[in-house]
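The data blocks that follow each hold one structure.
Paired with subunit B in one complex and with subunit C in the other, subunit A is shared by the two complexes that follow.
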Partner chain A sequence: MSAWAFIRFYTILVYTFMFAPIAVVLLLAFNNSQFGGFPIDGLSLRWFAELFENEAIMRAFRTSFILGLMTAAVATTVGILAALALVRYQFRGKDWVTTFLISPVLVPETVLAVGLLIFLRWLHMPRSFTLLLLGHSIIALPFVVLVVQARLVGIRREYEEAARSLGASPVQTFFSVTFPLLLPAIFAGALFAFTISFDNITATIFWRPSGMETVPTQIFGMLRHSVSPEINALGFVMICITVGVPLLAGGLARYFSRRKV
Partner chain B sequence: MARVELKQITKSFGILKAVHESDVVFEEGSFTTLLGPSGCGKTTILRMVSGLERPTGGDILIGGKRINDVPIHKRNLGLVFQNYALFPHRTIAENIAFGLKYRGVNKADAAQKVTEALDIVRLPGVEDRYPSQLSGGQQQRIAMARAIVIEPDVLLLDEPLSALDANLREEMRVELKSIQHRIGVTTIFVTHDQSEALAMSDKIIVMSDGRVEQVGAPAEVYNNPASVFVANFLGASNIVDVDVKGRGADTVTLDVPHFGAITLHADRATNLGDATRGKLVMRAEKLHLADGASPEGTVSTRGVVEAVDYQGQLARYFVRIGETRFQAMNMIDGVPFAEGAEVSVVLNPDDCSVLANEA
Partner chain C sequence: MPDTATPIDKRPLVLLTPAFIAITALVVIPMSFILVYSFYENVDLAVDRVAFQFGNWQALFSDNYYHSAIWKTLRISVVVTVLAAVLGYLPAYFIAMTTFRHKWLLLLLLILPFWVSFIIRTLSWIHILGNQGALNGLFLWLGLTDEPLQMMFSEFSVMVGLIHVFLPYMILNIYVSLEGIDRNLEPAARTLGATPWQAFREVTLPLSLPGLAAGSLLVFVLTGGSYVTPLILGGPSDFLFGNLIYDAVVTELNWPMGATLSFTLLVLLGSVVILYSRFMGLNQLSKAFG
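On to the complex of A and B.
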C-alpha cells in the first residue's frame, strides 16, 4: 500500500470514528420504531412531534435559550470592555489580568464549578438562575475577549484619533467608530458565548438550582432511565442549532460585508 | 485660524526624552513644516498640539489661550494622517460630515458644506462611495476635505503624502499647498522629506534628537544651514574643515583644502561667529565638474571621477580629490563623465556657507 493510500484510509477512519455516532443519532431520530436500533423500520417524524408535546423538554429548551442569550449579552459586554482596556490602554499588571481572564479555559470545568459553588456557599447564597448565568458568562468570557481583542488590534488607532479630532467625545467615538468596526467580532463572540452556554453540561449540573433543567441536563436525566427515541430527535434539533446558527451568522456577515465594500 | 505657540515644551516617554525644552511658534495663517528624521520628535510635537499626547512640561497656546488641559475633541483642529484614516464603514459624504454633526450643523447645511469641501479638493460627485472605492490620492483628498470642512483653527498634517507613490506625491504637494493658501488656515506639516519641506513651507523647523536645530524660510535653511546636521539633512553636502584667513568689512576669507583661498560674503558666514576654524558647506549640486577652464569668479581643483550614479537628467558623481571623496550632483549636458575621468571640480564661493567648528 502506498503512503498516500494509507493516509487516505487513515483519514477516512478518523472521520468515521468522529462522525459515525452523530450520524447514528441523526438517522435514528427519523426511525419509526419504539426501540432505537438498526435496521430502520420506516421513516417518521413522530419523535419530533412527541418532543414538542413534552412539557419538560420544552421548558428546558426555553431555559437554555434564555440562558444562552443572556450569557451572550453579559459575556459580550464585559468582553468588549476588557478587550478595549487590554488593547487600548497601558496599565500595571496587564499580563496578569489577561491571564486571569483567559484562565477559565485552562482550569478544568469541574474545578471551576466546584470553586464557584464553594464561594457562593461562603457568601451564604443559594444556587440560582443568576449563579448559572454568572458561571456561564465566566466560561464564555475568554472566547469573547480573544475574538474581540484580535479584531481590535487590527483596527488602527488613527480611526479613533481622527474621530476625536473632529469633535467626538471618547464615548461618541466608541459608538460611532470603534463599535461598528468591531461588529463582526462582537457578533462572532456573542455566537460563541451562546453556543458554549447552550452546550454546557458539566458546570451546569453543579450550578443549576433544583428543579431547573437546561437541554443538556434534561437529556442527561432522561438517559438515566432509558434511551428514548425522543432523545435522538432532541439531539437532531441540538445539532441543527449549534451548527446552523454559526453557519447562518457567518453567511449573513459575509453578505453584509460584501454589500458595504 | 490662530497662532500656535509652544513654550518650553517637553515630552518624555518613560526614560526616553522625545522632545527637549523647545520654544516653537507657528504664525497665524502660515504653512510651517516640522522636518527631521524619524524619531526626532516632530510627530510628538504635532501630537501634543493636537491633544493626542500630553506634554510632560511647558505650555501650548492656541490663539493666545493655554490649552494643555483641553481635551482633543474640544480643540477644533483638523488632523490628516499618513494612512488617511477614513472611516471604512461610512460613505464619503458621511466621512466629511462627521465633524459637522458634533458642531450642531443641520443636515441641509452639512450636505451643502460637504459639496463645497469636495469642490475645494477637486473631487466632486463621490459622496455616496465608500473609501475603499477610491485611490490613495483620492482618499487623501477626502481626508483633507474632512479636516477642513469643520473650519479648524489649526490644520495638522502628519506625513500626509508619504503613503502615495512618487508622481502622485508631487502632484498632491502642489494641490495641498494651494488648498492651504486658499483657505488660509494655520498649518503644521510633519515630514521627513526635505524636498516636500522646501517646496511647501513658509517656514521650516528642522529637528534632530528632540531638539530644534534651525528655524527659517526654506531658502534660508537651505543656503545657510546652522549645523552640520541641517547641511546634511537638506540635500547632500560636502563638508570640509577650513581655517579663517582674514575678515573684511562684509567678507570672510577662508583657506579651503585643495581649492585654496576663497572669499565669502559675510551673510554666508552668520553661523561662523568669530571662530578661527570652521566647516565649509559645499552643496553637492553646487559643485560642478568640467573638463575645460573654470569660469571667472570661481575656484577649481583637479579630481578623478570614482563612481557615477546616473539619474536621467541628473548624475551624482563621486569624485576623489586628494584623500577626500566629494559628491557632485550635476545636470547632464550631453554625455556624462565616465568613471576614471580626470576632471576639474569647480566651486563658486557664492554658493558656499560656513559654520563655526563646533556646530
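On to the complex of A and C.
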C-alpha cells in the first residue's frame, strides 16, 4: 500500500469515527422500541409525536430559541462594531485590543460561569434569564468578532467613497452602501452566535434559574435515568435545526451570488 | 511619523467601547472577584460571610483529594491532546494536499460537527460503547466475546467522548497551517534529492507546527476545563477538576470553595495559554476563522 493510499484510508477511518455516533443517534430516533438503544425493533415516528406532546421539552425549546435569538442580536451588534474598528481603522495597540476581544475564549468556560454567577450574586442579582443572555453573549462575542472580521476584510472602501463623492450623505451612504455590503457578515455572525447559545450547556447549568431549562440542560436532566428514545428524537430535531439552517443559508448565498455573476 | 501630527481618530474607540465595557464587566471584574471571594468563609449551605481567611486555600493545598484531581485532569488532558494530534494530523494533511474534486465537501464535513449539539455528540457514545451498544452488538455477533465488554462509564469512555468532541478543532488548525505552505517547497526538496519522507519531515512538518501547536492548545485547555463529559460518560470515580467546581457550586452550594477551585483552574490553564502565547503569539488561533 502506498503512503498516500494509507493516508486516505486513515482519513476515512477518522471521518467514520467523527460521524458514526451521530448517524447512530439519527437512526435510533426512528426506532420503535421503548428503550433508547439497540436493538432496532422496527421503524416508527412515535417518538417524534411524543416529543411534541412533551410540555417540558417544548418549553425548553421555546426558551432556547428566544435566548438564541436575543444572544445573536446582542453579540452581533457589539461584535460588528468592534470588528469594524479592527478592520477599518489603523490605531496603536491593535494586537492588544484583538487579544482583549478574544480573551473570553481563553478563560475556561466553567471558570467564566462561576465567576459571573458569584459576581452577580454579590451585586444581589439572582440567577435569571438576563444572566443567561449576558453570559451567552459574552461567550459568543469573540467568535462573532473573528467571523465578522474575516468577512469584512473583503469589503473595499472605494464603494463608500464613490457614494460620498456622488453626493450621498454619510447616513445615506451607510444605509444604501455600507449596510447591504455588511449584511452577509452580520448574518454569518448572528448565525454563529445563535448556534453557540443554542448548544451551550457548560455555563448554562450554572446560570439558569431553578425551573428554567434550555434544550441541552433538559436533555442533561433526562439523561440521569437512561437514554430514552425521546432524547434520540430530540437529537434528530436539534441536528436538523443546527446543521440544516447554516447549510441552507450557505447554499442559498452561493446560489444567489452565482446568479448575479 | 505622520500619525502624531494628526489628532487621534476617536471613531475606532467609540466602536470598541461596547465590547470593552461588556468584557470588562462580565469577564475581567468577575475573574478578579473570584480571587476576593476565595477568602470568604462558608457558613452553611449557600450562606457565606465576608472575611479574609485562608481556610479554603488551606483545604486546597493540604487535601490530597484536590491534588489527585489536578494530576488526573493534567494526565487526561495530555493523553486526549496527544491522541487528538495523532488522529488529526493525517486527515488534515489529506484535505490540504488532495486533488479530489470535491475537497469542499471534506472541509464542510470538518465544520459540520461544530454545528451538531455538544450534548448529543457526547451521549451518542452510550449507543456505541454501552452494553447494548453497537460495538458490543458487533463483537457478540462476530463471536469475539460471550458477554458484553464493559466499556461505558469508565475513563476510557470519557476520553473517547472528549477526543470526539474536540478533534475537529485539532484537524481544522493543522489544516489551516498546511494549506498556507507553498506547494513548491516539497517538490523542491525532492529535486534536491530528499526522499518523500525526508521532504515531509524536513519541510512540511516543521512548517505545520504552528497549526499543530494551536490545535493542541485548544484541545488541552478545553479538556482541562470540562466537567459535562465525565458526568455523562464517566463512572463515579471519573471526575476532572471541573467536576469539583460543579460539585462545590451546584451540589454543595459552597461558593467560597467554588471560587477557590475556579481560580486555581484559571491559573493552571491560564499559565498554559500564556506560555503558548509567549512562544507562538495568539494570531495563529484566529486564523482558523478566515
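The definition used in the following text is that the second predicted complex is superposed on the first by the 241 of 261 C-alpha atoms of A that agree within 3 Å, B and C clash if a C-alpha of one lies under 4 Å from a C-alpha of the other, contacts with A are read in each partner's own complex, and residues count from 1 in each chain.
FYI, a residue touches a chain if its C-beta (ideal position, glycine included) is under 8 Å from a C-beta of that chain, and two chains touch if they have at least 3 such contacts.
For clarity, every value in this text was computed on a predicted model and none was experimentally measured.
Applying the stated contact rule after C-alpha superposition, one finds that A:114 touches subunit C and leaves subunit B untouched.
In the superposed model, A:52 makes contact with neither subunit B nor subunit C.
In the superposition on chain A, contact of A:202 is made with subunit C only, not with subunit B. For subunit A, the partner that touches more of its residues is C, with subunit B and subunit C as the two candidates. In the superposition on chain A, A:156 makes contact with subunit B only, while subunit C stays out of contact range.
In the superposition on chain A, contact of A:165 is made with subunit B only, not with subunit C.
By the touch criterion defined above, A:175 lies against neither subunit B nor subunit C after alignment on the C-alpha atoms of chain A. Applying the stated contact rule after C-alpha superposition, one finds that A:255 touches neither subunit B nor subunit C. In the overlay built on the shared chain, the residue A:17 is in contact with subunit C alone; subunit B does not reach it. Counting contacts by the rule stated earlier, no residue of subunit A appears in both its interface with subunit B and its interface with subunit C. In the complex of the two chains, the subunit B residues touching subunit A come out as 50-52, 71-79, 81, 83, 85-89, 98-99, 101-103, 130, 132-133, 146-147, 150, 156. Those residues of subunit A whose C-beta lies close enough to touch subunit B in the complex are 156, 158-159, 161-170, 172-173, 176-177, 180-181, 260-261.
Listing the residues of subunit A that touch subunit C in their complex gives 3, 7-8, 10-11, 14-15, 17-22, 24-25, 28, 35, 37-39, 77-79, 81-82, 84-86, 88-89, 91, 97-104, 106-112, 114-119, 121-122, 134-135, 137-138, 141, 143, 145-147, 149-150, 195, 198-199, 201-202, 205-206, 215-216, 219-220, 223, 227, 231, 235, 238-239, 242-243, 246.
Subunit C makes touch with subunit A in their complex at residues 8-9, 11-13, 15-16, 18-20, 22-23, 26-27, 29-31, 33-34, 37, 87-88, 90-91, 93-95, 106, 109, 112-121, 123-128, 130, 132-134, 137, 164, 167-168, 171, 196-197, 221, 224-228, 231-232, 242, 245-246, 249-250, 255, 258-259, 262-263, 265-266, 269-270, 273, 282, 285-286, 289-290.
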